Amino acid sequence: MNEQYIKNVVEAGLLAAGRSLGLEELAALFGESERPGTAAIRASLAALEIEYAGRALELKETASGVRIQVRREFATEISRLWPERPQRYSRALLETLALIAYRQPITRAEIEAVRGVAVSSDIVRTLLERGWVRVVGHRELPGRPELLGTTREFLDYFGLRTVDELPPLAELRALADINPQLVLQVGAQGEGERAALPDPTPLADDAGDLDDEPALAREPSAAAPGLVASGAAAED
Amino acid sequence: MNEQYIKNVVEAGLLAAGRSLGLEELAALFGESERPGTAAIRASLAALEIEYAGRALELKETASGVRIQVRREFATEISRLWPERPQRYSRALLETLALIAYRQPITRAEIEAVRGVAVSSDIVRTLLERGWVRVVGHRELPGRPELLGTTREFLDYFGLRTVDELPPLAELRALADINPQLVLQVGAQGEGERAALPDPTPLADDAGDLDDEPALAREPSAAAPGLVASGAAAED
Amino acid sequence: MKPDLKVVVSNPPVAVPLPPLPEQAEMPFAIVNGEPVTQMPRDLYIPPQALEVFLEAFEGPLDLLLYLIRRQNLDVLDIPIAEITRQYMRYIELMQDLQLELAGEYLVMAATLAEIKSRMLLPRSADSTDGEADPRAELVRRLQEYERFKRAASDVDQLVRLDRDVFQASAEMRERPIARVLPQVTLREMLLAFRDVATRAQMFAHHHIQREQLSVRERMSSILALLEPGGFVDFVRLFSSAEGRMGVTVSFVALLELLREGLIEIVQTEALAPLHVRRATPAPTLQIVPDTGEFQSQP
């Protein structure tokens, strides 16, 4: 088994598959008696990555494995292949998707509680049809509402290995943190106020979903060109 | 317009399209002001062709243009991405294999004598092709029938160090169809142990000779070339 | 206790400086005459042709409230309820005037704001022990919670997305054969097959096969495989001291068994000379005519 051969087969397999392949799928490209180990396959991927430096290609590891993709810097050129513009999604859809991604498993009613408006069934259907979201169970409440969660396709599509790689959520602040005067001046009353706050310690009740996400404020994001038409093109 | 950029875009375009692109389509990947001429695109294709030498990819010119495809030499590996449904071996084949394992070296006629039915040559050929069985010699009888024995690959496949790890016939009788767990523990101790422990602990009654056993299994095949050569040398 | 709130409002350094939220301003709200409107109007004046799209662009009452708060550079944690309520109601009226389909939630929020406003006006007893909360607390929590997901939505939208930012690379494979998948067998399957055949052949009764014989039989195969037709192998080379006493014994028994079955010959050219082993040859009177099978079988 020489390294060049392994690398060639891995590259050819990834390109012929036209999708992400897991390490086991890559190993299965080889005959039983000459199957390289995980280390050898990882080494070939590393070698390919080096070869792709300075080219328009790159390796990307996502939830279902590794794929070869055209770098973002070439998006303008490549998108000229397809006359129709890539699909844009409404804010309503993106907010719903974000809630499902960060808060899964979650019911539609819980999404509505955060967004403050009803979630149209069109949006949920679009997400289901897109394969980004699936019903992962039911909450044991009257009506047994569906619990929604994200799929591996969602992760693949957005170039993530796990939901942990989603950008961290902004942190919640408590009223008392910004109103020390109020607390001081009101005196005893401040205690009560603090106790009654739904979220006395910032992030405390979110610690569970956030896992190890740093509670840092995110860097301000750049303007999203993809959003430009979203107001008018709202899907719901 | 540098050549590297043109080549990168051409390669990325062909791979993102996943189909043949004509020279005009390739040129259309570039912005209007920086569109390279046909000659420059042809040059980039020639450069790609050189890069692909020694790799699994090649450029192929078709009626509709040029495409990047996986070389035919890699068809076997790539075809494993789309496997047919796995077949099962027949009972007759398994019986034959087991008889060869337990009674090697053995001729086909001897197998037939035990099984009471003819052994098709397909079965023997399948076992030979699979590499589990080999012809180890001939019995000096009319027709010089082949003597069959098991191989190192056979042992590897079934997770055995030596054929000694196959349960003796007396234990086989106790093999129950109903309780696979029990069977694995009682019958195929070697396999069961291997799965559970990285370094199998010898059973009490094997303790005496177990140290030697791995060498027993390994030695003949490893030393084989040397032995053959010395045999030839001893001929004179 | 209303004055307490004013102290805070009029004391900017106290407020935690707001992180800049550029996307807030650049969040496009509408397309007017083909041009994206990325800036919310700075005051309540909205270009008439943009009004409807603008108002429709809100994702609900929380979104509208956030807009009103951000537009005035206020902190969510410190909302001047009376003023915000007034502005909110004006937008609601605008929406109603335009006969936009107004979600019921907008009106529920209006009621909520009115209620908070009235509770803010109530004096709170200084020695209250029943844990009376800031009336705005629940609204503030909801606004923050909504805002973080509004941002998360924008973050998700900016993730590097397949088919928009990056593209799956693929190459064609013409004429691809169907891969033959070799059947998998478990040891157990094979053993069960053997048990059946052994039962049929009544091998159990004769105890022909015993555990101890297996390594001998395997060794017989190995030795045979080493012997090339017509070739000799040094007898001692069939034993490896590395295999230990058991290994040597196995080889020896295997040789004896091969001899007994007439499969090998052991040759000594003269007394005390080294022993050699070769495959048994048929009766010397017979000329060996190798059949095709033999050639195929040679390694």
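Per-chain numbering from 1; labels A, B and C assigned in written order.
Criterion: a residue touches a chain if its C-beta (ideal position, glycine included) is under 8 Å from a C-beta of that chain, and two chains touch if they have at least 3 such contacts.
The structure displayed is predicted, hence computed values, not measured ones.
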{"item": "Chain C and chain A - chains in contact with each", "value": "B"}
{"item": "Chain separated most widely from chain B, comparing mean CA positions", "value": "A"}
{"item": "Centre distance in Å when chain A and chain C are each reduced to the mean of their C-alpha atoms", "value": "12"}
{"item": "Centroid spacing, where centroids are CA-atom means, of chain B and chain C in whole angstrom", "value": "28"}
{"item": "Chain A and chain B, separation of their C-alpha mean positions in angstrom", "value": "38"}
{"item": "Junction residues of chain B, two or more chains touched", "value": "12, 15-16, 18, 57, 68, 70, 74, 76, 78, 80-81"}
{"item": "Two or more partner chains touched - positions in chain C", "value": "167-173, 176, 182"}
{"item": "Of all residues in chain B, those that touch chain C in their complex", "value": "12, 15-16, 18-19, 57, 67-70, 72, 74-76, 78-89, 91, 94-95, 97-99, 101-105, 114-116, 130, 134-140, 144, 146-147, 149-150, 157-160, 162-164, 166-170, 172-173, 175, 177, 180, 183-184, 187-188, 191, 208-209, 211-213, 215-216, 219-221, 223-224, 227-228, 230-232, 234-235"}
{"item": "In the complex with chain B, residue positions of chain A that touch it", "value": "4, 8-9, 11-13, 15-18, 21, 25, 28-31, 33, 54-57, 68, 70-71, 74, 76-78, 80-81"}
{"item": "In the complex with chain A, residue positions of chain C that touch it", "value": "1, 4-5, 7-8, 11, 14-16, 19-23, 26-31, 36-38, 53, 56-57, 59-63, 75, 77-78, 103, 105, 109, 124-134, 136-138, 140-142, 144-173, 176, 182"}
{"item": "Residue numbers on chain C that touch chain B, as the complex places them", "value": "167-185, 187-201, 203-204, 207-211, 214-215, 217-228, 230-234, 237-238, 240, 242-247, 250, 261-263, 276, 279-282, 291, 293-294, 297, 299"}
